[in-house]
Every structure is written in structure tokens, then in C-alpha cells.
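Please go over the structures that come below.
Below, chain A partners chain B and then partners chain C, in two separate complexes.
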Partner chain A sequence: MLYTDLIAVVDLEEEDVEEVDIEEEFIEESIGGAAANVKLLKEYPGSLILGTGVLTGTLCPGSSVGIVTAERNGTVCHSAFNWFAGTELKLSGFSFVVIKGKASDPVYLWLHDEIADIEKTDLWGKNTWETTDILRDELGEDRIQTLVIGEGGEKQSGASLLVNNYWGCDDRNALASAFGERNVKAVTMRGMGEIEIDDPETFTAQTESLLGHFRSAVKKKGTPIEGLDAITHRYDACFNCPYPCRNFVMTGEEEGVLIFQRHLTDLISHGLDVKEAVTVLGECYRHGVNPHYGTDPKALVTMEPQPVQPLESHEAWYYTMGICPILDQFSVDRETILNLINSGTGLDLSQEDVDAVISTV
Partner chain B sequence: MIEVNPDLCTGCGACEMACSLYREEEVFTTMRSSIILHREEKRNYYGIMLKREEDVLLGRPEGVEVMKEGESSDTGGGGKPILLREPCDTCTNAMCVRFCPTGCLKEV
Partner chain C sequence: MNNQLLKVALYIGKGASHSWIWFVDTLRKAGITRIQFITDVDAVQADLLVISGGDPFALFSHITSTGVHRIIDFIKEGGTYVGICAGTYFALKFHETPYPWLNLIDSTIANFSLHPPPNIRMPHKYTVPYREGFVFHPVRDEVICTYKGAPLSAPLYGGPGIISADAQPLAEYTSFAPKTSFLCDRSHAASVFLGTTAVLSKKWNRGRLLLFGPHFEHPYFPQANKELISLLSTITPRGYTHTLPGHYLSGTEKNRWLKDLKRWISNGRLAAFGLGNYHWKIGEKIYDPERLAYFFETSFQLIKSLEQVPTLQGIYDLPERAQSAARLTRTLGPNAQKAEMLLETLKTITADIYSLYFSAVQDKKK
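Then we have the complex of A and B:
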């Protein structure tokens, strides 16, 4: 059905995790990603939800996306996390995670091999880079993916930003603060899970054909920001993406910053040149704050709540499928994706069914 | 046989998923792959390791090397899991090549 088997329902107050089987009906009614998160949020009001799209972690090009969902200022908000975190969440055995209540002391969640551990931690106060380094060291694997908060999330700043390992997510609504409110410093993910495919032969042929389209259509790499190519070390792609849109810029001998276009553009719009902007972006990611709101990371860790920024019109579909919306510019045929979902899940969804589900996001 | 051009690698990891699917046939996982992506994330150093019958092929930014049994890869331990994997069986029409979006992997 294109998912690993379980939903983890984490009760922080009771320090207990319930493992709920994912039923076919749940996928048929909500497909996945943002739409499934909305359904879970209705079932568990006030929770923080992590979810994967129906195609996340598969051979469908661009299928790197996982979604965080929570209510902010009375509005349901979503943030995507890409890189390798969406895939590792699904492979942890938990395609969805519901986080209820508030921990009495800071904790992190460790999702691996169909086990969800709630671990008390003294990492509160550490920046995101230190936190990821320590967690990877403690848990013994460099490829563990983290969703982590810095000082911004801890202080529940209106400018807080969720960070994946070391790099900022497209968190436009301070969902990092939803982690901070619950005393959750990080969620860590890695696993040996298996994502079942209903009709592997058809699914594989369809994804290969789709990849052929992208091979022809994608003629560029990196982010189109003036001066950025000249300082780029390498162009990186998130999991299984045909478009390496992430410029990596070295800021020291042994470290650098993985660029997310929106964040760097924001800093340049505040008056910084591209080199300065890269350096400040690294600091923003360490503090877990969103450069949309200014150029001083330390000032951004305490900011009042900001107005909700809704999803862009095309994003609800991508966030439900688990495909990165950056690929929208290369024309993603929705009929092809529908066929992929049906061959992968064994469902018989129509375009109208999909549209109805997307309208719930 | 698989040839690697590390200059074309974007670190997307599609090869791992594709190789695992070749072995498992009906599920996506990364744990059965003969290919592992090695990454040191903060300095953006990454490359491909391919386990073969007699050795491990390393495709790294500094070039392509072959690591024989008993040799160290200087990957800081991050590449060790490759030693536990099944070796590449030199299948034809290889999935890792078919699903590499950049042409970094080639069948020769």
C-alpha cells in the first residue's frame, strides 16, 4: 500500500506510545501527507502530526517530502521536510506520528525499526547543529535524520524555524514552536522498514517513464540567485530528486551551508550581499530561526506570533503526494501520478477522488 | 559491470533504493542495496560505495578508487555498513543505472 505499517501515537504526559495499524480505508479516504495529517488532527485535536506522502520514499522522482502539521493561531498549518527525513520517517516503520500533550521535561523521540522511544534529554539549550551531532553520535549512525529545534523553537518565537539535521525546513509558520511547547527537542529517524508495492512491475515502469520526462525537462541545477553559482561548492539533491536545486556553499574548511532558495532570497531582500547572506543563514539554522523576519538570528529567537502564511495553491497536492513542489516548474502530469498511486496501493482512485481529498488540506 | 562518475553524483540515493528493489522485488527499502551513499553532511563530502565480489568500488569527489579486502577506506567509519552488504551480482539492465537521474552510474 506504499506505506510502512504503523502510526505512532505518542502521549508525552503518560510517556506512552500506542502503535496503530494503518488501515487501507485510512489511505483511501485521505491518501497521505498533508491530507492524512489533517484527518489525524481531527481525530487527535491539539496534536502535532508528522506524516509521509503516499509516494514518499519510493522510486517516484522527487518523493522526498514529509509533512509536519499543527494548529497555529487557530489555523491548521503545514511545513514540508525534505532532504532524507521524509524517507527515513517512512522507513522507521511509522508512516505517521501523532504527538499528544506536553512532556514534563525535555525529550527527544527516536523512531527506528517499528520502535518509538521517548528519551529524556539534556540537549535543551544546545543549538541545532550541536544537537544533531550529539544525537547521531549517541545513536551511532551518521545517516540518522533529525527534525530539531534551536533556541527559536525552545522560546516559542514567532520566527522559529524547524531544522532538518543542520538545514532549515520550509517552515513558514513557526511550527518549531509546536515542538518547543511540548518540550520536544528533536525527532530522530532511521530504519530498515519495507514499503510494500501492490504491483511492482507496473509501478516501476511508470516511475521509469516519469524519470525519463524529468531527464529531458531538467536542464539546470542550483538556485537562481545572482552570485551564488560562483561560490557554490557542489549542487545537491534531496532523496531521489532529478533536480539538484540545493547549492552547498562552504563557510569554513570543514563546514558550509545547504541553501534553501526562499531563505537566502529573504536575507538578500533584507539588504545583505550573497556571501553575507550565506553566513547569516548558517547562524539562523543553528539558532532555529526564520530569516524571513530579519538578519539578526539572536533577535529572532524572541518574537511575537506572526500572521499565518497559507500554503501556495499548488502545494496541497504535492504535500499530499509526498513529492517536492520544486518540480512543479517541470510540469508533473497528475494523471501519471494518479496511475502510480493506484498501481502502488492497489486502490482504484479517480482524479475526482484525489481532488476531493486535496480540498480538505 | 558498473562504472561510476562521481562528478555527476548529486547524492540523491536513488541508486540505493533501486538496487534494493531489484533484490526485494516487491518492497522499497534501502537495506539490501549493494550500493551505499557515504556522506559527511556538514562539509558536503559524499560519494558512492559499491560492494563487489572481491572489493569495494569508491566513487568520491577526489576520484574513483578500488578498496581491496583489509584496506581502510578512510570514511571515518561511516562506510563500514557496506562490508555487510551482498556484493553486486553484475545484473544486466541494472536498476541502479536505470534510476540514477544524472548518469553518474553506467553499465559497461
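Then we have the complex of A and C:
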């Protein structure tokens, strides 16, 4: 059914985790990702939800996306997390995680092989980079993916930014603060679960054809920002993505920053040159704050709540599928994706069914 | 013969590598579940004693001459000794002044030399010093034997090519396969190995020895597995009782206990797969992280298969031992002593999880 089997319902107050089987009706009614998160949010009001798209972690090109969902200022907000975190979340055995209540002391969640552990931690106060390093060291595996908050999230700043390992997510609505409110410093994920595919042969053939399309359509790499290529050390892509859109720029002997276009563009629009912007971006990521709101990371850790920024029109679809919206520029054929979902899940969804589900996001 | 009544003592102590897991799985698929996992050879109460792959030097250091005499007594009294790879070297007498191992079959080892041919790959797997010369390994992976007049594939991971008039040859190395890896020049490998004995049998006193160079128990070689089981079915069960360790667990208590065990095996498994490029010399063998991960992986899959089982015989301290092993794995660096400690711990944990599995299987049969 294109998912690993479980939803983890984490009750931080009771320090308890309930494992709920994912039923076929749940997928049929909400497909996945942002739409499924909305459905779970209705079932568990006031929760923080992590979810994976229906295609996240599969052979489908660009299927790296996981989604965080929570209510902010009365509006349901979503943020995508890419890199390898969406995939690792699904492979941890938990395709969705519902986080209820507030922990009495700071904790992190450790999701692995169908086990969700709530671990007390003294990492509160550490920056995001230190936190990821310490967690990976503690848990003994460098490939562990983290969603982590810095000072911004801890102080529930209106400019807080959720960080995936070391790099900022596209968190436009300070969902990092939803972690901070609950005393959740981080979510760590690693697993070797298996994603069940209803008709693997058809599914594989369809993904191959899709990959062929992207191979001929994607003729570039990196982020189109003037002066950035000249200081780029390498270009990186998220899990199974045909477009290496992320420039990695060295800022010191052994340190660098992985660029997210929107964040760097924001800093440049504040008047910084590209080199300065990269350095400040690294500081923003360390502090877990969003450069959209200014160039002084320390000032951004205590900021009033900001107006909600809604998803762009095409994003709801991508956030439900689990595909990175950056591929939109290469024209993703939605009919092909629908066929992929049907061969993968064994469902018989129509484009109208999908549209109806997307309208709930 | 009723295989299911056979009782097997399987050595998993010092010197044993991970290939005993393959042997257990071959037995398991054949319905042979009365397996006693032993870390010494003091009180073997079984029809077969199996010593599989690993390091015969480390084995001897652990069981000493006392253990050697116990094994000899076991065979004298009618037991069957099954040696595979290291377990085969341990039983052969192949040097004028041999180490004090079993030395029960006079033989020559074709892959013993004072001057082995030049090595072309995997130097750490090529030679093991023995007295004034070396046991060397010209090939690894799949080789072709002739067994019962027909070709049979099985993998070789350091097992000997034997020349002996003192035992009945059952299989002979006849050719290499596309997947054979050559550690020395192919023509040298052919002149050393082809035509030598791969599997032999010898009746000795009231008992018997069955010795294998290649791993007939390897999971990717089902036909070889079948022939191995067929050979074992010629052994007459002698009526040994078999009790499983542990305490009866069911319902919520079982689920909670098993989940705790799964938690720590998972933690260890993930940390072991993340160990990267470390290598450790333990005894005369080089171990890599993959070997350690194999124990966690096997244990994890067994636990998964037990999640739907209503009852099993839990071994109370197993989750705590798994927790210690996981924590040790997380902090394991290049220190070979720590790696050896972990290896020995993992062997006993994996064996206990097999016992859990067999307790569930037996309960199903009731």
C-alpha cells in the first residue's frame, strides 16, 4: 500500500506510545502527506503531526518529502522536510506520527524499526548542529536523520525554523515553535522497513518512464542565484531526486552550508551580498531561525508571532504525494503519478478523487 | 530416519564465526529444532556435535586439551562430529608435528605450503601461519564439487582441499564457477584444489566424523543444504532429551518483554550497520562490521517472526543483555578486545533468540 504499517500516537504527558495500524480506508480517503496529516489533526486536535506522502521513499523521482503539520494562530500549517528525513521516517516503520500534549521535561523522539522511544534529554539550549552531532553520536549512526529545533524553536519565536540535520526546512510558519511548545527538542529517525507495493512490476516500469522524462528535462543543477556557482563546492540532491538543486558552499576549512533557495534569496533581499548571505544563513540554521525575517540570527530567536503564510497553489498536491515541488518546473504529469499511486496501492483512484482530497489541505 | 528427533549440539563459543547461523537455518527449514547452543564442549548431550566456520586456533585456546579429549570421548561413545571449514581443519591431522587438535584423520592439506603462490587480492583472507608454513586460500565463494556423481555448487570460505586415504571421500572439488573469487593465479588455484576431497566421512570407534571444506549449509545453496540434511538423516537419534531455557510468557507480558528486546536489538542493528570501515583482528581472523551486524539482523528477523506468536519461553535477562550489546556497539571503535567481547555476547544473544523461536515452534506443535 506504499506505506510502512504504523501510525505512532505519542502522548508526551503520559509518556506513552500507541501504535495504530494504517487502514486501507485511511489511504483511500486521505492519500497521504499533508492531506492525511489534516485528517489526523481532526482526529487528534491540537497535535503536531509528522507524515509521509503516498510516494515518499519510493522509486518515484523526487519522492523525498515528509510533512510537518500543526495549527498556528488558528490556521492549519504545513512544512516540508526533504533530504533523507521523509524517507527515513517512512522506513522507521511509522509513516505518520501524532505528537500529543507536552513533555514535563525536554525530550527527543527516537523512531526506529517500529519502535518509538521518548527519551529525556539535556540538549535544550544546544544549537541545531551540536544537537544533531550529539544525537548521532549517542545513537551510534551518522545516517540518522533529525528534525531539530534551535534557540528559535525553544523560545517559540515567530521566526523559528525547523532544521533537518543541519539545514533549514521550508518552514514558513514557525512550526519549530510547535516542537518547542511541547518540549520536543528533536525527532530522530532511522529504519530498514519495507514499503509494500501492490504491483511492483508495473510500479517500477512507471517510475522508470518518469525518470526518463526527468533525465531529458533536467538540464541544470544548483540554485539560480547570481554569484553562487562561483563559491559552490558541490551540488547535492535529496533522496532519489533527479535535480541536484542544493549548492553546498564552504564557509571555512571544514564547514559549509547547504543552500535552500528561498532562504538565501531572503537574505540577499535584505541587502547582503551572496558570500555574507551564506555565512548568515549558516548562523540562522544553527540558531533555528528563519532569515525571511531579518539578518541578525540572535535577534530572530525572540520574535512575535508572524502572519501565517499559506501554501502556494501547487504545493498541496506535491505535499500530499510526497514529491518535492521544485520538480514542478519540469512539468510533472499528474496522470502518470495517479497511475503510480494506483499500481502502488492497489486502489482505483480517479483524478477527481485526488482533487477532492487535495482540496482538504 | 526421523530427523526431528535428532539432537544437535552446536558450538558457538570462542573461535566460532557467524556461519553457525546458516547451519541452524538449514536445520530449521528441515524441521530439526532440538538444538543445544554450546560455548564449551564439557557436557555434550546430543547426537551431533557441530563445529562450523571460524578460527581453530581460538577454538583450541578456549576448549584446551581437556575439550579436545571431551570431543574425542563424545565420538568414541557413538556421537557424530560434523566439522565445517575451521571445524574440519580442527579434526584433521595434516602435519608431522600438528597442534594438539583432534588429529583424527591422517591427511594432507593441498592448501598448506611453505611458499604459497603470490596473492592477487584480499590479502587479509589469504594466509594463516601454521608451524613453519601457511594454510592459504587460493579461492573463495562458489566452487563446483562432484557429489554423488553430479555437480553441486557450494561456497568456500577458507575450507581445505583434502587428500586422505584414511577416510571415505564423499565430494571432490571439480571446477570453478563464474562467481569463484581467485586470491592467487587461477592456474595455481586449479593445481592446488581441483581433484582434492571437499567432503569426507570416517567411522571412528562407535562414532563418526563428517567433514566439509565448503559450506553446504550456506543459505544461497539450497541443493547443498538438501544434501547436508540428507547426510544428517543417516544418523540414528539416540534419545536425548531436550529442554529449552527460560520462563513461559504470554499476553501483554510477552508483548512488552518482546518489544523491549526488539528495541535493543534494533538499536544495536542500526549502530552496527553504521560502524563503517573498522576492522578487528580477533584471534587469527579479521572481522568487519558486517559480521557483527549479521547477528543483530538475524536476531531482529527472528523477533519479528515472534510478534504474532501467543506464547514463548522468555529468557528474563535477554533484553538487558541486548541493551548492553547495543550500547557497546554504539561506542565501538577500533579496539579489538571490545569487538571480541561484543562478538561473544552477540553469539549467545542470537542463540538465545533462536531458542525463543524454537520454544514458539514447539508450542505450536502441541
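Please note the rule applied: the second predicted complex is superposed on the first by the 361 of 361 C-alpha atoms of A that agree within 3 Å, B and C clash if a C-alpha of one lies under 4 Å from a C-alpha of the other, contacts with A are read in each partner's own complex, and residues count from 1 in each chain.
The rule we apply is simple: a contact is a pair of C-beta atoms (placed from the backbone, for glycine too) under 8 Å apart; a residue touches a chain by one contact, two chains touch by 3 or more.
For clarity, every value in this text was computed on a predicted model and none was experimentally measured.
Visitor: Using the superposition described at the top, determine whether chain B or chain C touches more residues of chain A.
Guide: Of chain B and chain C, more residues of chain A lie in contact with B.
Visitor: When the two structures are overlaid on chain A, which partner does A:211 contact: first (chain B), second (chain C), both, or neither?
Guide: First partner only.
Visitor: Return first, second, both or neither, reflecting whether A:174 touches chain B, chain C, both chains, or no partner chain.
Guide: Neither partner.
Visitor: After lining up the shared chain so the two structures overlap, which partner does A:91 touch, if you call chain B first and chain C second: first, second, both or neither?
Guide: first
Visitor: Give one of first, second, both or neither to describe whether A:142 is in contact with chain B, with chain C, with both, or with none.
Guide: Touch status of A:142: both partners.
Visitor: Looking at the overlay, what does A:35 touch: chain B (first), chain C (second), both, or neither?
Guide: Once the two structures are laid over each other on A, A:35 reaches no partner at all.
Visitor: Given the touch rule stated above, what does A:278 touch, chain B (first), chain C (second), both, or neither?
Guide: neither
Visitor: For A:115, using the defined touch cut-off, is the partner it touches chain B, chain C, both, or neither? Pick first, second, both or neither.
Guide: Second partner only.
Visitor: Residue overlap on chain A between the chain B contact set and the chain C contact set?
Guide: 142-143, 192
Visitor: Which of the residues in chain B end up touching chain A in this complex?
Guide: On the chain B side, the touching residues are 10-14, 17-18, 21, 24-31, 39-44, 61, 78, 98-99, 101-102.
Visitor: If you look only at chain C, which of its residues touch chain A in the complex?
Guide: Interface residues on the chain C side: 259, 262-263, 266-267, 269-271, 273-274, 300, 326, 329-331.
Visitor: Okay, in this complex, where on chain A does chain B touch?
Guide: 57-59, 61, 84, 87, 91, 129, 142-143, 165-166, 192-197, 200, 204, 207-208, 211, 214-215, 218, 221, 233-242, 244, 248, 250, 254-256, 258
Visitor: Using the touch rule from the top, collect the residues of chain A that touch chain C in their complex.
Guide: Within the complex, chain A contacts chain C at residues 112-115, 117, 138-144, 190-192.
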